[in-house]
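Multiple structures follow.
What follows is a pair of complexes built around chain A, which joins chain B in one and chain C in the other.
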Partner chain A sequence: MAEFIIKRVLQAMVVLLIMTVLVFFGVNVIGNPVYIFASSECDQACLTKTIAELGLDRPLWEQYFVFLSNLLQGDLGNSFTHGIPALSLIFERLPATLELAICALAMALGFGLPLGIWAGLHPDTIISRCIMAFSMIAFSLPVFWIGLIMILTFSVQLGWMPAVGRGDTVDVFGTELSALTLDGLHHLVMPAFTLSLIMMAIVIRLTRAGMREVIFADYIKFARANGIRERRILTTHVMKNLLIPIVTVLGMEFGGVIAFAVVVESIFSWPGVGKMLIDAIGVLDRPLIVAYLIFVVFMFVVLNLLVDILYSLLDPRVRLGGNQT
Partner chain B sequence: MTSVLNVKDLHTSFVMPDLTIAALQGVSLSVDKGEILGLVGESGSGKTLTGFSINRLLSAPGRVVQGEVLLHGQDVLSLGEEDMRHLRGRRIAMIFQDPMMTLNPVLRIETQMRDALRAHEKMSKAMARTRAIAALDEVGIPAPESRLRSYPHELSGGMRQRVAIAIALLHQPDVIIADEPTTALDVTIQGQILSLVQNLCRDRGTALIWITHDLAVVAGIADRLAVMYAGRVVEIGPVDDLLDAPAHPYTRGLIDSVPARGQRGQRLKQIPGRMPALTELPVGCSFAPRCEHAKAACAALPDMTALDAERSVRCFYPLAEGSA
Partner chain C sequence: MNFLKPSLFVASLMLALPVAAQEVLTIGVRSEASSLDPHWTQLSADVQVHEHIFEKLVALDPTSQPIPGLAVSWGPIDDLTWEFKLREGVMWHDGEAFTADDVIFSFDRLRAGISGAPASPAFQLEKGLKQWTRIDDYTIQISTSEPYPTVAEDLAMLPIIAEHAAQGVTESVDFNSGLATIGTGPYMFEEYSPGSRVTVVQNPNWWGGDVEWDQVVFRPITQDASRLAALLNGDVDMIDYPPTIDLPQLLDDPDFTVSTIAADRLIYLMPGYKHIERFITDNDGNVMVPNPMRDWRVRRALSLAIDRNAIRDRVMGGASLPTRNIVPPGFFGYVDALEADPYDPDAARALLEQAGYGDGFNIVLHGPNDRYVNDARILEVVAQMWSRVGITTEVDAMPRNIFFSRLIRGDELTMPGFDVPEFSMSLTGWGTVAGEATYTVSGTLETYNAATGGGNGNFGRYSNPEIDARSVLAKQTVDGEERLRLLQEAITIGMDDYAYIPLHFQVNNWAMRAGLEHQPRTNERTMAMDVSATE
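The block that comes next holds the complex of A and B.
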């Protein structure tokens, strides 16, 4: 296990290094941020001065090594527009995104598992077909379109749901949370549901497919032949086998949900990191964009590691490190 | 002697919207306390289906459409679902063919045994543990305490089958239905498992239905034999009588298909043709098309006819002793 983790951490460092190169050079070839945020009165001398201040006059490879050495000290640079460290900006915005993503995950599992189980148990019923059709639609329709239609329906036409913002928040250990106030919850439901749809579709399909396989397994028949209660068979004997693929896929998917909450956050004006990224791209705030992308890569690497560890806990046949017994 | 389990005229069908396939067409058999009944037949003859019909674990669209299953005189088929659940594992237990598949791969042996215990008795974890250790010890598993922590994949095939047997025996059932429990095992392990089950059942007076296609296996273990063909029992009787002097041509054919010592170099006898599909069974005796003794009368379905007090056969022209 320890050997496995060390190996993975080393791999992760290589991945991160490659990503810094791609991201840094990629972002630095587009546009000139100075033109965007320098005031209109700024003359050539002022522009040159600003460029020198930001270190943009130096060769790109030199800029990269400055960036890299700062990165090793945990410094991802200051945001051009806000003037404060990019990392602290990200962490300031991250709780809102995490809240949204975790609610979406909870919804995906909370609705997806029961629906998938039901569809797996009664595969030929009309309701089951409806569930599968729903999952297909949820998976295929573009997220922004669903978001807009939801706003149009529930906010504009029916007036039931607020269209934008987080609503009232409560301060818990220095982080603002919406989910703890009624108003906040009210604001959270639509964006979280929109964000959860793709995950929910995946959960439904995986659960149904897993059910169809597991309930016909000999060990389930054997459990029945031993008189074990159906409820216990379903919640333990079937479920534990079912969860293996779901955890794997959702773990991967969850990183994507956080990273690409961009669309949902933009539509619902949810003040998370995704919204921040869009704003940063709008003004070519290079350090912030780079910092965000590096953060996302880092998060994916960590999530993958967690999934592997969780996987080995769920499936006793998997032993990390490859020394099979 | 009153039999522990008495199956009378059991009919099981696969009932689909546009088609009904009669898979079991009147299976009757009984097994006494401490007795081992071998249930023999080719693949598709309905032996496994008989087992699942008895403890009502048929998966849809399979359904028992007629007949009685009496456990100590009580009709199992009329029980409610919860009563039936309470019967499974406690009074009728099962052992399956492939020990690789019968234990849940992601649950520890302890969890699986505890669940089986708690299905019928309220008990503490510690109590369940003690019972599980005792049960594992009884089936000859070394160091049962540490085996409880194992997952199935950490045990060998023979060990797994022992665990499955231990689970089946947990509640001292009246009947065990063993569905080819040695087929997937090595020959040496087969022998161990055979004598293990035989001894355990003898000691406790458990009735055992041993389903197999292997006459050699069943000859060594069973007291009585029931031969199935195309969804019906065609011959039933004490194992020695039946093997020495089979009355049904199909039983004769089965016995002749087993390679024996002293016949080296001779051509092995085969039963010509194959068992008809359930959808195209002949009207009369279903074995008639393959039978060298078939006559015009065989176009009608023969009943089970008693040959003596213990034997009966479903044939118009039972073979006389010594003939072939």
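The block that comes next holds the complex of A and C.
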């Protein structure tokens, strides 16, 4: 296991390095941020001065090496927009996104698994067909549309829910959480549900498909023949096998949800990192864009590692086999 | 985790309890303040929040004309020196007295430069190479290298911060935390939660008298539809930039009111004047020599071919003021005689025929798609109108982060330091934040000159000695009447020559719940001081 993890970490470093090159040069090709920030009254002398102050007049490779040497010291630069270290901005906003993503994941599993199991056990009933239709719709409809319709219905027409924002938060060990206050929960429900829909649809479909496959497997028949109660068959024997593909897919999906919860965050004005990224791209806040993308790559690498570990715990066949590349 | 819950639950209930009879105004804004350091940026989203907390020597009235702020009076004492008398008895939010030392400290901080701040207002001090001296506790003098008329307008952009609170603090960071956010304004800093809200509370000791609201909350809601929804369901009391498409419904709804004013932002089309323009081609696709844009008749024809009223009614939801002026009504430099061109496609065709372009030509119209109100749709409509008079127009709209780099500097082939604007025809806007036309004329109509800063927004590279003479002179004419004459002449010459093609001034709207009254501002800022409760 240790060897496996070390190998993975080394690979991750190479990926990160390549990523910094791509992101850094890519962002620099788009345009010059000074032209966006500068007031229209700022003349050529003022523009030149600002560009020089930010070090943007130096050759690109030189800028890159300055960036890289700062990176090795843990300094990802200050945001042009906010004048605050980019990393501290990311960590300031991250709890909000994590909270949203985790709630969405919980909803996806909490609704998705039971519905999927039910649909798998009773494939031909009308309810089962409705569940599958729901999963199709949830998967296909654009998220921004669903979000807006939910706001229109539940906030504007019915007035049950607040339309946007995060609500009251509670400070837990230096992290602001809103899931612990009534008002915060109230604000959290709609965005989390909207964000969970795609994951929920995936969970339903994977669970149902898995159910249909596993339920006819020989070991289930033998378990039945052994007289094991149906409940125990479901929770132990079926579930374990069912969860393997779900964990793999959700692991990847979850990374995507955290990194790119952009749409939901902007519709519900949720102060998370996704919204920050979009704002940063809009004004070409280079340090912030680069820092965020590097952070995302880092997160994906870690999540992949976690999925692999979880995977080997769930399925002894892949544990210490030859296929851990 | 469980053991935490009961206490947290109680805490949350306490947070949720409304404090009795607090007058709170919650404003949903399109863009959030990026920093509470007032010297960090001059972007309106930031300035509108700063202005609740920090004040300037010179304030601006709703039409951006200078009025006394922390200075009670000012005037030139000779050609090169202005004297400002400061307001006495003003207290900082922490109880210290405001004096000339704070003004000197603020200007010194700006001159030293705010490191890493690309949008700092510091450049206002470089205009006219201003120097400052403290005469006594309540008098300062500003001297310039040449006669310089707009000292007061420039100082209206420079917030004054407290020397005792801001000495040696970290830029941006210590202002966001509230440590150095000590101002003299009507509201005091309470909380800055990036992405969520900025909260300010009433300053009971404000020199300007009673302050209407106990607390004001700014909530950034970027999405137009979400911001409107937040207003409709009562999450916020007021929003800026309601979607233009929803204005008619809002106006009809008795539960809401809308406030409206023509903004200082001119939207115009700028032709390229280079000998060869690569985006202007004849019907066979070859670049044209000479560039037809250099012919006055072609530019006039393009202007006559645009139906500005149709753009106002069908694209802008009524929220535009068609014009041929470059500053809005009420501003220093507005010319009454310049009326918006009528829509006359026949005259346009005749002019093109006269100029020898009866068979038409092709043009690519560039513009941003996320900068100005309905910018991409305006581009499309203009392209259709031009195509109708025979000039086949193709639209190339792009995000502003790409557009402005290409507009100002040119494409990747341009050598650094040798800016060659790329576009042959582009849609841009110009905001006259100073409330007067001197820098609008100099920036958009004067010949481009990197050394003097003239024509710094003249990306078409229009050049007219008649205008240059007047504009350069106006910048050094302290006498108001004389300067007004020079500016109006320069504007009239430029607009009669169709140096560029003005479309309209953006008309800004705010929507709020019934029971609020709002005095809107031409400079697009949303301020609680302008809002009062009617009942």
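Operating definition for what follows: the second predicted complex is superposed on the first by the 317 of 325 C-alpha atoms of A that agree within 3 Å, B and C clash if a C-alpha of one lies under 4 Å from a C-alpha of the other, contacts with A are read in each partner's own complex, and residues count from 1 in each chain.
Assume a contact is a pair of C-beta atoms (placed from the backbone, for glycine too) under 8 Å apart; a residue touches a chain by one contact, two chains touch by 3 or more.
Being a predicted model, the structure only gives us computed values, none of them experimental.
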Point to revise | Overlay on chain A: chain C relative to chain B, clash or fit | key: fit
Check your understanding: When the two structures are overlaid on chain A, which partner does A:Lys240 contact: first (chain B), second (chain C), both, or neither?
Key -> first
Check your understanding: Thinking of the overlay built on chain A, is A:Arg232 touched by chain B (first), by chain C (second), by both, or by neither?
Key -> first
Point to revise | chain B, chain C and vertex chain A (Cα centres) - angle in steps of 10° | key: 160
Review point. Which partner reaches more residues of chain A, chain B or chain C?
Key: C
Point to revise | Contacts of A:Ala223 with chain B and chain C, given as first, second, both or neither | key: first
Practice item. For A:Thr248, decide between first (touching chain B), second (touching chain C), both and neither. Key: neither
Study note, to complete from the structure: Minimum Cα separation between chain B and chain C after superposition, in Å, equals 29
Check your understanding: Looking at chain A, which of its residues have contacts with both chain B and chain C?
Key -> none
Practice item. Using the touch rule from the top, collect the residues of chain B that touch chain A in their complex. Key: 55, 57, 59, 85-90, 93-94, 96, 98, 101-108, 111-112, 115-116, 119-120, 151, 153-154, 164, 167-168, 170
Exercise for review: Going by the contact rule at the top, pick out the chain A residues touching chain B in the complex.
Suggested key: 216-230, 232, 236-237, 240-241, 244, 314-317, 325
Practice item. Would you mind writing out the residues of chain C in touch with chain A in their complex? Key: 4-5, 8-9, 11-13, 15-16, 28, 34-35, 37, 40-43, 113-119, 121, 123-124, 126-127, 171-173, 176, 193-197, 219-223, 225-227, 229-230, 232-235, 370, 399-402, 404-409, 412, 416-417, 419, 430-431, 433-434, 439, 443, 450-451, 453-454, 456-457
Point to revise | Of all residues in chain A, those that touch chain C in their complex | key: 29-46, 48, 50, 53-54, 57, 78, 80-84, 89, 92-93, 96, 148, 151-152, 155-156, 159, 162-166, 168, 170, 172, 180-184, 266-272, 275-276, 279, 281-284
